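Each structure below is given as structure tokens.
The two complexes that follow have subunit A in common; it is paired with subunit B in the first and with subunit C in the second.
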Partner chain A sequence: MIFRLALASLAARALTVGMTILAIALSVALFLGVEKIRTGAKASFSDTISGTDLIVGARSGSVQLLLYSVFRIGNATNNVTWESYQDIAARPDVDWIVPISLGDSHRQFRVMGTTAAFFEHYKYRQGRSLEAAEGLVMDDLFDAVIGADVAATLSYNVGDPIVVAHGIASFTEHDDQPFRISGILEKTGTPVDRTVVVSLEAIEAIHVDWQSGRQASGQSTSVEAIRAMELTPNAITAALIGVESPLQTFALQRAINEYTQEPLLAILPGVALQDLWGIVGIAETALLAVSMMVIVTALIGMMATIFSSLSERRREMAILRAMGASPRLIVGLLVFEAVLMSAMGALLGLAFLYIGLIVAQPIIDSAFGLWLPIEAPTQREIWVILAVIGASAIVSLIPAIRAYKTSISDGMMVKT
Partner chain B sequence: MTRTISLMALLATTPALAEENRQLDPHEHGVGILNIAIDGTAVAMEFQAPGADIVGFEYAAESEADHAKIDAAVATLMDPLNLFALPDAAECTVTQASAELESEEHEEHTGETGHTEFHAEFTFTCVNSASLSEIAFPYFDTFENARKLEVQIATTTGAHAFEVERDAPLLDLRDLY
Partner chain C sequence: MRSKWSATPPYSTCGIYIEVTQPILNISGVQFHWPGRTGFSLSVPEFSIEAGETVLLLGESGSGKSTLLSLICGTIRPDTGTIHISETEISALTRGARDRFRAEQIGVIFQQFNLLPFGTVLDNILLPLQFAPERRKRAGNIRAQAKDLCKNLGLPSAIVAVKSNALSVGQQQRVAVARALIGQPPLIIADEPTSALDADNQAAFLDLLFQQTLANNSSLLMVSHDPRLSERFDRVIRMDDIAHIDRATI
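Coming up: the complex of A and B.
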């Protein structure tokens, strides 16, 4: 009886009720959407690098080393000498080691010197390897492999020449040794997308004629002469390490951190990512708080519409009382109506979320490299929806109690 | 250019050679470190805690009582499953355990008391390592001065860090798998 009554009552005020439901739906969709982006961002953040057990660089802070070696943000305090690198590489517990040399740039993108092993061992999103979308992974000295964002922003194709600049944002370009783009990597959603990858030897090669940061005048080594040179680097910026077994991770980390010949730092990427997320994660909490406030606002809006409907419905309440309804039933009716509205709002919000996800998923993935999975609502999301419905029941109690009082004082007659 | 750099490197390192290398590990009272590595059925742990947490003092043991305290602590540390409780379902057995008290030497300032630290290393074999869903820490009941353990776990899928506090001495590992 009460169910039919509530439905009919809501239907009679379709416009206001519809608006209230829409407000709740939008607020729920916003909250769940923020939640999705938050978890998606966190997952894709911690998926930036996987499969690497240790990152080695000059002794600084773990977050700093992670920032410049993986995210290419900021600079190294020092380089790692080639001797130390080889010392570490020769250790029996090192399964593989990939050197990284940073410091040059191409337009706004960083250039990274490394070995072909980088493409084999750099993994992201739980063990996915880098794949070439076009062309091949480098094999010539002057081959460059570029990330998807580099290719898209500068509209480069395989075979195009590319000039690498000395330092970051410097105007002196190494135009006497043109590189050729040998391959373009698939979009990964990691900083690799914004990187130009060349071989470690190539980084040395472009600096052959550069003495103390300035090109010696009238001196230009021909490309052929450079090819004939032995281009062993003096130093690298950092190195990625895979251990034989996780059991050796901590021992190797300690050995590197206590390496007396050179102050080095070895970090566990997963732990450093956690540290870094601890810093950037504050924004996520703020975002969550804001979207929570939007839900609260929608619920207060619902309370306001119920309040304003009370005076219109005084006659209706009086008739219900005349028909034998107890004041408690009136409270029940109002609360039930509110619960129905918020439940419909929450379901509609969920529908909005999924429609939004289906539309936006490919766009967000290609624009931000953020993969938002479309999956059944998580337990947490279901709890949020139930909490919204529960909160609406509590919120509607306030006007319902008012209705209870007036329906008693009004009795069966409305005296106006 | 190569020559310039190596010469500079040489110049830069010379003063360092003249003096000895000096470095010290961080040392925070109340905070211990536990590193756990899991590879198949093999589990390895490294434990490190300030002397103050374990025996309540960090001076060189003087009295009989001090020595007895240290010996008792080392004996306790040699039984890791009573400190870091692994689930029964994992069927873990200790294959190796070692524990000792290390003191940081302050040779230049004799008379100044250095810090001491307990170091321990354990290896386990866990028949069902997949059942390593949580670790409980009776450690905090055993050693009353310990407030916090910084736990790092390395598995084949990567490394994670946790902080286990005295108030909540339980570590949930289910998210790792």
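Coming up: the complex of A and C.
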């Protein structure tokens, strides 16, 4: 009955109690939302590349290699010679190998030369393959396949001509070799969305008349002549490798790192992603800290509400005391109230989170390529909720102890 | 009229039957000062109420009535002296035991705002029984008891399901009487219970209070500043006669 009366007392103060619950709910929803985005971003991040066992490039740092080969951020300091590439490709433990040649750009987007095997072996988000939203993957020498963001930003359609510039952010465009868009890829949420993919031979083709970064004067090879050429590249930027058996990954990595003809570096994408996330992760910690402060603020707000309710509830306390309730019960009631409010707030916050996820999931996915899974609360989230409830009990002790003292000094004789 | 020696049913405290001749309340050599509050101290050399007796304690506000009631109810403890209720020396009990004792043995009626506004009438009437298992046992069928008490106090028995804040002040005071009487506590303490009522309601309320207290074989200690109520009581005592207040300013 005391329990029921405590509920009735809360219900009688529905407005302030409701506001307090709402504040806690919003703070919990914010915290869990940030947590979701954080883990989602982390997952998306590590989902950028999957199914690739090793990435090979010229010797530099593992994060740097990952950044330029997968995220198209920064530039390679050096190339991998075609001979080394072929050496590695010929090894028996290599199941497949996809060469990547970077260095050209179209508008603000990077151009990547590769082979058809890229579309077969490049996987993202737990093994999903690249799919063409429109058109086909490249077929002809001058075919280009563009990512979803490229198409959306530049309003390109299949069949449109496209001009590739040499170097990045360069004004000297290879306007003598127009490419044609053969396909547009579906949105993946990976850097592929912001990439123009052409064949490795095409990269060579556009550089036929170029020497040392500028067009050789007076020379212009016709498209037909280029088509007739043997367009084997001298070097590539990096290569993605799949091994025959995962057990061979480390042996192959060591072999490549110890390759004597050329200083090479082989990295495990997962490990490099972890390293990179360690750098990026500082921002997420800050975000988490801020949303934690919001929860603390909501709890302090609740404490203020309980405090201000004490004076108007002096009579209630006095009646309970007169009927034989101990001051300890008064403390218990206030703590119970706080726990109930925060528990309701936390559950409501959880509901807000799921409603928000259901509404925002497709929007966030298409806008940012960030996939936020809707799943049962993780153990971590349950701990967060329990921590909020526990903290509310602790915080409520402050007004409860005050009420304890007043109920002893007031006794049952409150003159109203 | 009512006899002071009317047969009182034996109340069991710790398994001891109390003799009817025992005073229900005895205060002896009590001194009290409010901790931290400057100057106010109260001394009550001797004050008793016999079992079944009705006593009116007259005093102006500031005469120490509230402090005296708090001492009797055991929410505060005297610095020196003893307070016995029934045969129990409550001034020697721990705070928790005093709270429990109050719930078991004393029915309290305030001036006004007696009820928890968010609870039903039934919730309010049964509230003291939550803290007093023996009194609950004495009450038997507590719901039926509550309804009977309401009926006897001139309230419709359907009122038990009504939320207390929907009641008039007069009805609230009657519910407070029902709450004080349920489970037949031997001592009823009423702190100016009629001051919020108009004259007609006052008379009707007192009739009912006396009638039910008598039916319950309880003793009644009522505090008031209104001497016009005197004739109804077995005994009238002025606060000044039994207590001495010291307001020494430091």
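Following the convention adopted for this analysis, the second predicted complex is superposed on the first by the 414 of 416 C-alpha atoms of A that agree within 3 Å, B and C clash if a C-alpha of one lies under 4 Å from a C-alpha of the other, contacts with A are read in each partner's own complex, and residues count from 1 in each chain.
Assume contacts are C-beta pairs under 8 Å (C-beta built on N, C-alpha and C of every residue); 3 or more make two chains touch, one makes a residue touch a chain.
Here the structure is a predicted model, which means the values were calculated and not measured.
Placing subunit B and subunit C on a common subunit A by superposition gives a fit, with no clash between them. When the two structures are aligned on the shared chain, A:323 is found in touch with subunit C, with no touch to subunit B.
Contacts of A:129 after superposition on the shared chain: neither subunit B nor subunit C is touched. In the superposed model, the vertex angle subunit B-subunit A-subunit C (Cα centres) comes to 110 degrees (nearest 10). Of the two partner chains placed by superposition, only subunit C is touched by A:315; subunit B is not.
When the shared chain is aligned, subunit C comes close enough to touch A:4, but subunit B does not. By the touch criterion defined above, A:274 reaches subunit B but does not reach subunit C.
Taking every C-alpha of subunit B against every C-alpha of subunit C after the fit on chain A, the minimum distance is 50 Å.
Put simply, subunit B touches subunit A in their complex at residues 1-2, 4-6, 9, 21, 23, 35, 37-39, 42, 44, 46, 152, 154-161. Taken in their complex, subunit A has these residues touching subunit B: 50-51, 53, 81, 126, 207-208, 210-212, 234, 245-250, 258, 260, 268-271, 274-275. By the touch rule above, subunit C contacts subunit A in their complex via residues 66, 69-70, 73, 75-76, 95-96, 99-100, 102-104, 108, 110, 112-119, 123, 126-128, 130-132, 179, 191.
Touching subunit C in their complex are the following residues of subunit A: 1-2, 4-5, 8-9, 11-12, 315-316, 319-328, 408, 411-413, 415-416.
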